[in-house]
Amino acid sequence: MQKGFVAYNNEQKSLEAETEGIKNSQTLIQKAMNWFSARSMFVVAYGTGCGAIEMPPVFTSRYDIERLGVVGVATPRQADIMIVSGYCSLKTLRRVIRTYEQMSEPKYVIALGSCTINGGMYWDSYNTIKKLEEYIGVDMYVAGCMPRPEALIEGFVKLQESIRNNTIQPGYVKYREDYAYYQANQEKLLGKETQPVYEEDYAGMNLS
Amino acid sequence: MFIDLLIMLVMAYGFGFLYYGLYRNISARVHGRFGPSLAQSFYDSIKLFTKDTSTDFGWMFFAGPIIMASGAILTVLFIPYFNHGERLVGLSPYGNLIVVLYFMVLGPLGNALGVGSHGNPFGAMGITRGLTRLLGLEMPFYIAVVGLMIANESADIGTIMANQAETYNIIAHPLLFIAAFISFLGFLGKSPFDVVGAPQEVYSGPAVEFGGKFLALALSQSAIFSFAKLLLMVDLFLGGADSLWDLILKTFVLFVASVFVGNVYGRFTTAQSVDFLLKVPTVIAIVGLLFV
Amino acid sequence: MSLVYFIAIPILASFLTPFYKNYLRFVSVLVNILLAGFAAFFYSRLPLNEFISLDSPLSIIFILDYVSFFFVSLFIGVMLFFSLYSIKEKNNTAVFVVTNIFTSGALGLILSADIFNIYIFFEIASISAYILTGLNRDKVAYSGAIKYMIVGAVASIFLLLGIMLMYLNLGYLTLSSIGAGFHTMDKGIQYLVLLSLFIGFGIKTEILPLNFWVADIYQATPTKIAALFSAVLSKAYLFVFFHILYTLKVDAPALLFLTAIGLLSFAVAELSALRSKDVKRIFAYSTLGQLGVLFLALSSANVVVVSGALFLILVHSISKLMLFFSLDLVEKKMHSTRVEAFAGFRSAFLFTIFAIGFLSLLGIPPFAGFIAKLTILKGFASMGAYGIVGAILAISLVEATYFFRLLSANQRSKKTAEIKVPLLQKIMLSLLALAILYLGLFPQGLLDFCTDAAQTLIQGVIHV
Amino acid sequence: MFNFEITALGNMFFGLTVLVFVSLFFVPNKHRSVTLYSLLFASLACIFYASDLITLFIGWEIMGWSSYFLIAKTADKQTLQKYIVFNIGGAFTLLGAIILIYGACGSFVYSELDFSAVPSGQVTAITILLLLTLFVKSGIMPFHYWVVDSYSQSNDLFSAVLSAIISKTGVFAFILIFFQIITVQYLQTPILEVVAWLGVLTSIIATFKAINEDEAKRLLAYSSIAQVGYIVTILSIMGSLSLEAALYHTVIHTFVKLLLFINVAAIIYVSKQHRFSTLGGLLYKYPLNFILLVVGIISLAGMPPLGGFSSKFLIYTALLEEHKGLLLAAVLFSSASAFLYCYKLVYGIYLGQPTNPKTEAYPRIPLRFYVPQILGAVILITLGTIPGVIVPMFNGILGSVGFEPVLYRGVFVLGSDFASFNGGVVIGAFGLIFVLILLFFVRLKNRSVKPKDRLDISYCGEVPRADVNLHYGYGMGRELSRIGLIKMILSRSSHALWQRVSTLFGDLSGITQKLYTLSAQNMGLVIFAFFTILLYMGVK
């Protein structure tokens, strides 16, 4: 597969080194659990932008991603993966964050299209965000404008691989750890009143 | 005894998921795709059970799925698997058909309490749709069952099974079977009676706030429950099963029949489905009842 | 002791008014107590006849048998109650002059056993009633009194016609003789006599279609006097009419006709009360309705039914006294008898009195009205007249509707005035209420007496 | 005049009365009237222990009017009018029937009544009149017009009495008269058929009306009508099993309604709200009340393992035994629909989102409200699990009525030869499974995240504002009105019929009133005209 289509986030390298140790120290049960969560993925496909047009073929007969155990669900509570498909305007971002907060862990985000990486063709728009990863934890970028369904499937496969092998530090862990950073970014754009509601104190939490 | 119960439970769980996987596969073939692996539902369930977090809205929300699962399991345990009355009869000597019919609504009602407690209107809407649909579903099914009970002079499932040694009820009372089968489709929650959890309209309906272990339990109970319903239909209309293979064959046939119907039709709205169920199968069932 | 005292004492008391003008109310009480004493004296000597003169046509015969004793004591009781109740009204003594005459008229009607005296006392009672109607001395009262007089005159004419016909044909006026000879008369004359009697007494006993004047008269009359009309006057005429009828031994179709008329009268009266806006008028309609029931019960010629009817007469008199007197208190405070005024008063005592009165009139246990109604219905059932039973019950439902409408109106409206009932009135009204409750719970003694009285009534006056 | 006799049947009903009254004594009540309540109590005793029809009637009437004055403290005029017209009317038909019986048998005393020589037409007339009385008291269609308004508008405590006890006097009288006095061999089968269908139609219609209701007490009132409808249906089968089923259901329904009405009363007491559209979300505020309500509705819906199922089960088996398939199907239909209003009741009050911003400030529920509720809950749970505690009583009543008892005398087993189930095993298995799953759940590594805010719901990524109405209590059941058959039921009401009757009488009254305003001259004319007519008729 063309590696260039799949962009890891910028801390990929250091993460890989870090998780290598974890991978080796995994028990059999943990391995099995990883395998199961890689094998079964519930997706809430957030059609924020034009990338959404590529998702229906992926889920239906043409590309049939159900083969890989990927199923669409309606609500974030049930979902493991969120696809943010394209540019996020301020209005959409609020909902994206909200949806992200409501997913149960472990949760992953696939960002679809160039706009989520650097703004893409909306790079100078006053109303869209440029980097999705400043606001939520992102696990997988599928670059392109528009990326083909095959690219999205490739993204899924890669994500499944890394979950199975436990080779990445998931975005949600980073989000919890650096919550102050993400929160500051969110507040800067959206103001205080739409802050997500978090019960637990992430800073003092023991990550496994 | 307890081993029997355990076997029944495990069989229901296994067959339930297997059939569900099968359903997804067959649907996929009907749609012209490959579909997931047969064990996909099982994977889903394991994954959901092992998720790190799940949102919990309070003790009633916590208890809701548990009650629902208890209801489903209870239903299975009160339905005998085989018609020779020795092994895998579970608790059926302590209950009867009427009790089983009521167990079938116990779980949903407990679930309804849990769903209501999280305050999401979509959940309540889904529950309302479910209970409304239940009106339509139960009418023909109950009439059919009443017909059988009157014909056999007994409310005991074992007796009804034993009385079918010569002719199955599907042949003796075909109209009752048709009526019961139509509402059985609805009980399985497949098209065209799947309005309850319609994701596009009510955002998954009752399951809207269920994540992680709650969803896992909901899925598992639905698998067990589906098998229980299959079993009930087999016991009532197909003379029960003599052996394991017989059991698998009969439930499979019934299941496949329902899957094909489910794949051909679109979705009824709540009002349409109740209207349909109160008209067509109910009338068939009443005619069947008059013949008893 | 003579029965004439029953008539002479009250009439004398009113003629001698100038001598004790200021103490008239006490004298009135005294007279009534005296009469009550007479009644008690005669109770152990029943039945008895008294011939004052036997020369026809001016024979004067008084009869005190069980049934007339029943009425005599009832009327004396009512008048005694009335005089005691009003004993504190210093500035309205004129009324006692008339009520004393009224008493003697009513008692005379009951006691007379010859048809000419009946006519005389008929007139005495009527005229005193006209005066009582006009007592308020305003436009409404006068026009009411005039109307009453005109209608009453028509009634007298018909009664006189009947008496004349009988006298011309038979040559005597004694009731017992007429009873013996009535059937020897020509059929056509018999019919004409009965018809004139029916019209004459029908007007007075307020029977359909001869009662269309009644509601207006009741409304024009002072409320307490209306109670007397309802409790005494109409009952007296009713008794005399049936006394004569049973003495004449009329045939079954005539009685059946009366039954039908009674039923119709009951129905129409209760129906009219349904939407009436004036409480006094409602009570008037209710009286009409009850008179209809009495009419149909008395015309049944069945001992049980008639005894029930006699019981009902007593209960109805008590209830109506209670209701009209309580209404009088309400009227004094609210200056109106409209339903809105009725809804506006606040008084737990009066409300209870009204409730008991209504329940008793409706024949709802444990009040006395129930026993009366049950006896009547039982009697009809033993006759096999289930249609009448059904009709009475159905029409009673209409009655219940408007009575309870009044109660709920009072209970659920905004109260504008609090009524403080004076102690005397409170005691008197409570006594009546207790009487109703007592008769409802322990009716047997009175019922036995009523049965005797009913037998006497149905027998008619026998030739002596 | 007053003759009494202690009977097993009377004991049962009077026992229920005593329990209800005593437990209600604890509940705080603004409109307590000792006189009226004791009158009512005495009249009930009079009804249940009477040994002649007159005593029964006296009790019946006193019950009627003492309830009237109790309702009158809070209800509006129209409701009162409805109440009194129907109840007095019902009492009068009872009186009519009593008079007919007297005419036919010559006595009022139960033991002296013998219908063997009475023509069947007369027995039919008596039956119909008595049925009318019972229908009015129990609120069978179309005589249920008074029930709902009276139940909902009377004070919260008295609604419980009305539903729990007073509606049962109709049932009592049915058993007394048709099982003991007239006895089945003199009754006409078609009439019983009609009664059965009226009962079940009532329950179906009332169920749908209940689903459509926005007011908690009105919902309960309709549910009361529906439940008594079942009892009437099952009684009209006139068999041993059906009698036991009816008695069982009577007991269950008494305690269910006691529990539910007091539960709702407690909520109304603290919140001053009585509509589902202004309640909601009280679950975590009043958890004990919620649990008690759930016990109540599970029994009301007839779910195993609580008492409601036991009685429903007997009803079904009694119908099955008599091969009344269609009737049973109709009962099942109504019973299945009942889930919907049961859920609406619990959702509307306790679940969902609070609609009222003042919810947090609601005071605590006084402990005294729990006395009747806990009594009801304990009895319901006991009766579901250990039917053996009450079955001997029913068998005793059957014996005294002259029927052969058919129920098993097992401790946990309920049923007859036709079908039976083991309440102990059911509740045991359910409890065991529940506990096992619970343990499994607790043992899971899975961490529960509690949302901090009640508005943290998945709402399409949206954050609903606090003033958005997220409570679905109001709309619940709306969909039903789109279904042809049910729409027909819901859109019709006996209101128009009774209104028409009322208007008719009003118009007639207007006409006759005009007659009573004739002037003296016209009056004279009328008199002479009447005279002339009669004269003419006589001459002819």
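All chains are identified by letter, namely A, B, C and D, in their written order; residue positions are counted from 1 within each chain.
Here is the rule we use: contacts are C-beta pairs under 8 Å (C-beta built on N, C-alpha and C of every residue); 3 or more make two chains touch, one makes a residue touch a chain.
Predicted, not measured: the structure shown is a model, and the values here were computed from it.
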| item | value |
| --- | --- |
| Between the pairs C-D and B-D, the one where more C-beta pairs touch | B-D |
| Where chain C and chain D are represented by their mean Cα positions, the distance between them in whole Å | 46 |
| Centre distance in Å when chain B and chain C are each reduced to the mean of their C-alpha atoms | 78 |
| Interchain centroid distance [CA atoms averaged], chain A/chain C, Å | 99 |
| Inter-centroid spacing, chain D versus chain B (mean Cα positions, whole Å) | 33 |
| Residue numbers of chain B (touch at least two other chains) | 50-55, 203, 208-209, 212 |
| Two or more partner chains touched - positions in chain D | 449-451, 458, 460 |
| In contact (per the touch rule at the top): chain pairs | A-B, A-D, B-D, C-D |
| Touching residues on chain C, where the partner in the complex is chain D | 146-147, 150-151, 154, 158, 188, 191-192, 195, 198-199, 203, 209-210, 212-216, 268, 271-276, 285, 355, 359, 362, 364-366, 370, 374, 377-378, 380-382, 384, 386, 389-390, 393-394, 396-398, 400-401, 404-405, 407-409, 411-412, 441, 443-444 |
| Touching residues (chain side chain B, partner chain D) in the complex | 49-60, 62, 66-67, 69-71, 73-74, 77, 91, 94-99, 102-103, 105-106, 109, 112-113, 116-122, 124-125, 127-129, 131-132, 134-135, 138-139, 142-143, 146-147, 149-150, 153-156, 203, 208-209, 212-213, 217, 270-271, 274-275, 278, 285-286, 289, 292 |
| Chain D to chain A touching residues, read off their complex | 449-453, 456, 458, 460-463 |
| Chain B partner contacts - residues on chain D that touch it in the complex | 281, 283-284, 287, 290, 294, 298, 301-304, 309, 312-313, 316-317, 320, 323, 325-326, 328-329, 332-333, 336-337, 339-340, 342-343, 346-347, 350-353, 418-422, 425-426, 429-430, 433-434, 437-438, 441, 444-451, 454, 457-460, 470-472, 475-477, 479-480, 482-486 |
| Of chain A, residues touching chain B in the complex | 33, 36-37, 39-40, 42, 60-61, 64, 66-69, 71, 73-75, 77-80, 102-106 |
